[in-house]
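One chain, chain A, links the two complexes that follow: it is found with chain B in the first and with chain C in the second.
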Partner chain A sequence: MEKVQDFDKSRRLIIISFWVVILIGLPLWWKTTEVYRAQLPFTEIEEWSKWEAFDLDFPTTFILHIADVKSDVNDYKTFTNMIENSIMSKYNSNHNDTGYPKSIRFPIKIEVVKWNAWMNVSKEGFNSDLLTFLVNKNGQYGFYILPGNNSKTRVLVGNQRQAIVEIGNWNIDEIKNIISNLILSLFLPEQAAIKKFIREPSAEAKVDVDSMRTMKYSPMYQVTFSLMNGDPSTLLVDWDIKQAVVKYLKPFVDKISMISNLTVDSQIQHYSRLTFEPQKNLHNDKNYFYLTPDLLPHFINAAEWNLASAVSSYPTLNFILYVPSKNQSPLYIKDSKENIIENNAFLIPRWGGVIINNPDQSVGTHMFTFDELKSVMSIFIMQLRGLLGVQDVWLEARSVLDSSINVDFMPTPNTAITIWELDSLVRRRIAENIVSTISTLKSLSQLVAEIPNMVVLDHIQTEVLLALDSLKKSCISLHTGQYEIALQHAKKAIERAESAFFDPTMVSMLYFPDEHKYAIYMPLFVPISVPLLMALLKELKELKELKTKNKKKE
Partner chain B sequence: MRNYLRSLFLFTLVFLTINGILAESRQPDKFKEALTIKPLSDGKLLTHFQFSVKHYGYKEGVVFSHYNFFPRAIGQIFQTYNVRELHLTFTQGRWNYEDWGYPFVPSAGTGVELWAWLWKDGKLDENWKSLTNALAGLFCASLNFIDDTITVQPKLSFRPEGPFNITELTERAELRYGSLPHENVCTENLTPWIKLLPCKSTSGIASLLNGHKLYDSNFHSMSIHVQPSCEEPDCINQQLEIIQTVSTVIDPVRNSGKRDWSLNNVFGRRLSQACPLAEESNLEIIIPEDGDYKIIPDADDIIQRSMDDTDDVEKKIAVYNLKKIEPDTELSMIWNEDQFEYNFNPVQPRIFAHRFFTGYGQERGGIKVNIFNKSPNISIPIIYYDVIPWYLKLYLHTLKVQINGKNTKLDAVNPIKDLYFQPAVDRSRPNVIEAEMLLPPNSLTTLSIKFDKVFLKYTEHPPDANRGFDIGSGIISTGKIDNDFLSNSTNMSLVTKKSLVEYMYFPIRIYTETLLVSLPTPDFSMPYNVITLTCTVIALFFGSMFNLITRSFVAFIDAGEEKAKKKIDSDKSNVQKGEKKDFDGENFDSDKSNVQKEENRDFDREKTKLEAEKTIDNN
Partner chain C sequence: MSKVRQELKTIEVLPNLTGVIIFGVAFAIRFILFQFSNITEILGNRVEIVTPVTSFTRLTEGLYLFDNGVPPYDGGAFHQAPLFLACFQLLSYLPNILIPLTYIIADLLIAYLLANITRIKQHLYKDFPRIDVELYEGKPKEIDPWIVSGLYLFNPLTVASCLSRSTLLFTNLSVVLGTYYSLRNNKSYGMFWIAMATYLSFYPLMLVIPSILMLTNNTNLKGKKIENEVYSCAGLYIGWLTGLFILSYLLVDSWDFMQSTYGVILLLPDLTPNIGLFWYFFIEMFDQFRSFFLVVFQLHAFIFVVPISIKFRNHPLFVVFLLSGIMAVFKSYPSIGDASLYLAFLPIYSEIVKYMRYNYLTTNIFCYCSILSPIFYHLWIYAGSGNANFFYAITLVYTVGNIILLVDSTFSMLRREFDIWNPELRHCEITQK
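Moving on, here comes the complex of A and B:
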């Protein structure tokens, strides 16, 4: 009897040891066949995407230089508070802050300075005299406030970050009213845009016409000017584009380079024909052809015009100067009300711009000279501004302000972008980059979570960590109002996030899908597991029987 | 980080661009186009389109970014990857040197051939890789497959075709060569090629480029050459020149039995007008020396010119100026004969070659190259160049040279003057043979070398593994024979290896056949079969072993037999006892027999238990 028990015991031991090996082996096998996945900071990304991890501050400081005239403005501290309160109350009445996270703020700080030298300032000497007071930092603006000669209020905007405000009715309420209105009207459109970015980053394209037109941010754009000639057999064309680019475009390129670099090239394409026949004017004796708005989307002949860049992976902005062939010229563009558009140009959102030019075809050759290109380039630069998202701050302010206030401008240097516009663009691009970095990181973490077969290498982890680090740094710089530094960090953040997301290794492993694995291991696992399972079941059954037997015995 | 560096690089490019703008001169680009038609001695017709654009004011290292006739796509690639010279050829079919003479453009190896001189800028290999990728994208070809295992740096064979200074070149630039013999060439490569032309295919001779006719030919080759060029001898002002060519060999005899041809039946189109942008637009017919024929209409001009670099024989050429020609002109050549008589003794070129595989089986083989020198009394220097992929392991000691069937071992007769050999490294670089040779007059020189075939990993085989692997053409470079050289070459020992390469320029290249080698191919389902089979065997083994260990096996014994068995057992144990006593000692044995007895008893007990159970079950 003992022997039987011994035998049963050793058999049980054998079965148990087999199962122990299997139970240890399975996780080991699972572990060794796993794909490598570096740990990503999921929780941190989640915090960012819920706007819990940070505050976005866009601080602005206004330094009000108030002319030292005998008036009630003596207590500057109370005056500062008055203006700040007035702005806040107007601001709150304009906004209901329910739609966006509380962590985005636009603190406005007012400093009031007594201005003694105001009498010496004539309008002509305005700029050079005020250079000493120059505040050369994004987010800090100076207003020079002085009493006017007549009752009308005038604003003169300078080339730097200052403006002269001439107030017709010099009393404290009027000053307070005008200044707070002015400040709000200057910054409300921009703030609204930034808020929109943050509220609905994915639906950003649908927000408004401006953002539909604007290119997605890239650290680099390729700008290509193409002279398209419809038929070189009747007209040979050439242009002095090199000089035009140097003279007209380069100042703008230099200015904007703090946000994005632009490389410029040009080409002439011959035999660039349209894919459709333009409509012929039949109404009166005037013999011309025209394009209707519904034809414009088909204008670009993408199949035949060599517009793609062979080397750059950055987005291209195309500007086309189109010279129609003789049998289609002159060619004009009509708007929806059947009126011929004056500058004969149109903009293609997120793509580029087109100008149609109708030179004299009778000579056989036409050279677009440097001077002739001036008007062409000015249209192109206008379109380029739109595509890069440059918005005229004062123009927008003027539309908000009440019409009694006159806004004038100092003659601007030939850069096609003012410092006010550049500042505003910097702030909007910072917000845009931060938002799209976060959404890219969010998509990345979703992707990694959804595809378990995807290898996540160490350098992806590093890129993600660096992107988060840059994000943090960008937000910290924003707090202190260092917009340039914030922009640099935001640029780095988006570049790193995108390089992690678009890394060629970030694809699912296709070689060993689960089905494949099971198919291969099936012939091994099934025949092995059957006797093992049967033995286990039998053993358990016997144990049970033994127990019942023992109970009966008792 | 890489992106950051890249943007930095492009940022500097912007500055260079702006500097470049100021440095560029205002002379406009020049465009020339020409179509040359040559009746060949075997009744076929060679048509050769050549388009060239010169960009003036090109300065090495100064980026230009404003393009007129010069194609922007090529200009960008050329400048971004710091290329000094670029040659890309797509070829289908084999140029038949014996019947056709030498082609107008030297590159004629089947498949795609790309070679480029690149400036040494610290990331030359990266540039070469990007260059192949960019060109692959531009021409819809598999050029991106030119990787390290294919890329070669030829030492002797390829010189720049533009102006160069040998010391400056070797110090500052390097040559890269890659070829894909298996690449098919078709319309998807031609379309982007045509788009690079200033007039595209809308007007000028390019309007004759008809894919249907072009690819229905015995041979066609399409190429792009980008190189600096000079107009004055001292070469101060350089231009950047792009030469685009298409050569086809068409067989008019196949259709009509006659050699007659017209533009319409060769290209399926008529000549419209010259490209208005072209400075020159000519159609040239090289007039055969003998035969009764007429060309309609009459040529504008007939000139004499020597056509290739080997012989100084000037040929008569009928020239039509397309700027003056009337639209829709039909050009034709009619031979006064009922049927074309094939010429069995064509005038053969001086040097030509054939290459083939020797040996059998899937383990080893050999390559043999026959190089003919047909000139009756001149020794001709050549450079033989061959790239053999790493999966054929060449053995240099098996390299044999024979002249007219006789082995040459003595140095004085040995035609090999110098030899560069790069042994292959598995999966990283190919074998390269470059041999400078002096071919004796009227001779057949045979090079042969043996190799082993490598058994490839099963993932390294292409999808059509049983088709085999293409081995690119061997290339023989030779040139025009200088008179000075001839006088020197009478004393062959004077020709040292140094003088040979520096002495002359080798503008003619002769391409041998491409070869197809079949490597041992595995059964590709084998791994899975092996896995399933092993799994099954292991499972079977495991199952039986497991059962053996965990189950008790009991012999079923009848009651009557039991007694008899017991008796036998006891006898046996006694016998064992007696036998083992001598060396084992008594105690052990008695223990053992006891154990056995007990075991037997156990079995009995169990058996009775089982029987009892059975009876219970039955009841």
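Moving on, here comes the complex of A and C:
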């Protein structure tokens, strides 16, 4: 009997010892599967995304230097008001569209200055004289207005932020009309673009040519120039790309570095064949090959051309100078009307540009010299401008303006981007970055709110807070018209928001609904728990029986 | 009975011809094979034999750093106890031949101690009741202690593990020494060697309980209180362990070794394949659950300690056998050296072999794994015609084989006990209620 009791006791102890370990395990279970969530500023993000915290100003100041001519244009104050009203009424007319947030504004300021020295100014000396007047700051533009010799109105655009307007018919209404039209045609397209960003934060929402062509913003792009040689057995090619890049591209890279840094590299690839046979010209005795517009999308041989770069993870812009093989040359591009395109180049939206060049194949080697590359590089730079979203504000304005107004340009230093274009691009990038930061943060907060199992680590919280802080700073700088500072903050904001959103610790948690948890626990714990539970239940039952027996005995 | 206890200290296996032959041949085999450096190289790189925490190559790396005054744990490759650094630095000043000799002698020492343990066990069980089939002309038939040594020394797993220069051998030596001294009722040595084994590879921590059982089983007859004895044993153990840690701290001058040795054993940052269950599981594990399943796996290895110790409190040596087996299967970086240790304890309880039901199966599983695991590893890593599942499947089979053996021997032990106490029921099948 004693033996049996001893046996029972040790069995009970064994069951207890198993359960003790499990009880020790329970708090550890709780602790180790706890979902760590740093607090995110949800309400603040919500305010931003509803444009409540949002107060965007894009102020512009126009300094009108008006020639001191004896006429009725002497009451500058009323004149200022007249122009301001005329411009603001146009600006506001667009506000009637629904869907614009009230808090986006384009305030303008007009300053009128009496210009005495106008008589001395000949067109040749115009540039150097006027530079001293200008505050070199984005958002401030000077117009020099003087009466013209004939009745025609002419505009001469300077290479800084200034323009000379020669007005044929010198009276106050005419001046007002011309100046306000000029300003409107210069700035309305940009405003429309900015408003569009805000209305449709995702650029993909609505397809239009510009947004399709322009790359998604990145603070850094890699630009790769590739010389593709179709058949090195008949022609060996080389190019003087280093010198060409330094000479032709570097000024542009330096200018645009304020918005995005470009790193440039180059390569030569041999045996880069096309995936298809180009069409052969059969109509007349001229023997050439050509590509039709429907063939162009297949031009890039993605499978064989090694264009992916392992150097950086930033988006790459590819520029290809293609030399066709002997049995496919000369090779031209035809447009949809069957005309050969003159520059033999095409742009691939959001990817890069291609130029086809047909050098003389008879010699066996061909070196693209520095001079030869000039035309090539100028096409590439045009394509690069398009890809980076540079818009020629004056050309656009000219197409809108009255045809009687004659627009001329002063020769610009060779930077491939004028200061007007750069300013406009800066403003558009600020708006775009602010808007995409907000939408990224909004998606992040939605994701975190929807998936309760998602771990939010402290550094995510830090990034989000810093992004919001940069957003605020960017908006404050915008108020005071400091566009450069606003751009730097907007860049930081988007970088931080994206690094929080694409953080690996967030992505790995994306696929954890509760059902998965059960699927993870079940195979391990059900088989273990069944014998343990059964043993426990049996033991409890026996104890109960023992008690009732003892009672009966009593 | 107390006379038996007192005799313990003087019991010694007497050398006989069998013993001399076994040890001589075992020494010769090891010594000759150690001369072929490519054999030790190949074995020293097999994932089945060495693990990141026992690899001699990694020890050499740590030693090199240590010699050059760089903190040895900075490289992230060395995960072994600092004492190894001191010992092997000492050995490196002596002739080269001493390193293989150290391994051979450690192996032979384990075998010699196993023979002694067998002898002591036979002495302790002298007056235990037996079943009549175990008696031969009134005297119990018992295994020759030298045979136990021989089974250890000629086990291919032992030979391979020794030749690979895996430092696990010293853990095994410490475990056997600890068991030996505990059986001889030498409290301080017994606890020291268990502390040493814990210090070298953490898991022998669980052997503290059977060692204390061995030590207290002897003393309760002398009128001392069991509790005091348990406390003094635990105190000794903790004291020795602390001493070893402090000594290590003085050697490497920082506590980094804790993170690099026990941290690695517990948290499993190195997922090099081995024959255990951990690596594959934690490669596949979702990061979020990693810490949780680490807790589960490590607790699982320790969950058996108390129940087994309670059940077999009268056979602490058998508890050592079972726990060594559990370590060999469920530790984070197991190798065949762990299996060779627990397999060495099995023949000491030779009387249970006749009850074992799956001898044929387990023998086959061991053979099958020994052949297939190198092949599947090759297919996966070198030929590229298999994947990780091939090798993992073999490690699963190996684990299942070990578990069947452990369960089977537990069953046999219990069944034999039952038969001894209930001779009248011997021919009935046992079923659980």
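Keep this in mind: the second predicted complex is superposed on the first by the 463 of 554 C-alpha atoms of A that agree within 3 Å, B and C clash if a C-alpha of one lies under 4 Å from a C-alpha of the other, contacts with A are read in each partner's own complex, and residues count from 1 in each chain.
Keep in mind that, in the parts below, a residue touches a chain if its C-beta (ideal position, glycine included) is under 8 Å from a C-beta of that chain, and two chains touch if they have at least 3 such contacts.
These numbers come from a predicted model, not from an experiment.
By the touch criterion stated above, A:Val253 is placed in contact with chain B alone, chain C being left untouched. By the touch criterion stated above, A:Leu540 is placed in contact with neither chain B nor chain C.
Contacts of A:Ala192 after superposition: neither chain B nor chain C is touched. When the shared chain is aligned, chain C comes close enough to touch A:Gly25, but chain B does not.
Once the two complexes are laid over each other on the shared chain, residue contacts for A:Val113 go to neither chain B nor chain C. Between chain B and chain C, B contacts the larger number of chain A residues. Judged by the touch definition given at the top, the superposed model places A:Lys492 against chain B, while chain C stays out of reach.
When the two structures are aligned on the shared chain, A:Ile14 is found in touch with chain B and with chain C. Judged by the touch definition given at the top, the superposed model places A:Ile520 against both chain B and chain C. Contacts of A:Gln267 after superposition on the shared chain: chain B is touched, whereas chain C is not. Residues 3, 14, 18, 520, 524 of chain A touch chain B in one complex and chain C in the other.
Residue ranges on chain A touching chain C, taken from their complex, read 3, 10, 13-14, 17-18, 20-21, 24-25, 28-29, 32-33, 35, 453, 455, 508-509, 512, 520, 524. Those residues of chain B lying in contact with chain A across their complex are 2-4, 7, 10-11, 13-14, 17-18, 21-22, 24, 28, 65-69, 71-74, 76-77, 80-81, 134, 137-138, 195, 198-200, 202-203, 273, 276-277, 528, 531-532, 535-536, 538-540, 542-543, 546-547, 549-552, 598, 602, 605-606. For chain A in complex with chain B, the touching residues are 1, 3-4, 7, 11, 14-15, 18, 219-220, 232-233, 236, 238, 241-243, 245-246, 250, 253, 257, 261-268, 270-271, 304, 306, 308-312, 314, 492, 495, 498-499, 520-524, 526-528, 530-532, 535. By the touch criterion given at the top, residues 286-289, 291-292, 294-296, 299, 302-303, 306-307, 310-311, 313, 421 of chain C touch chain A in their complex.
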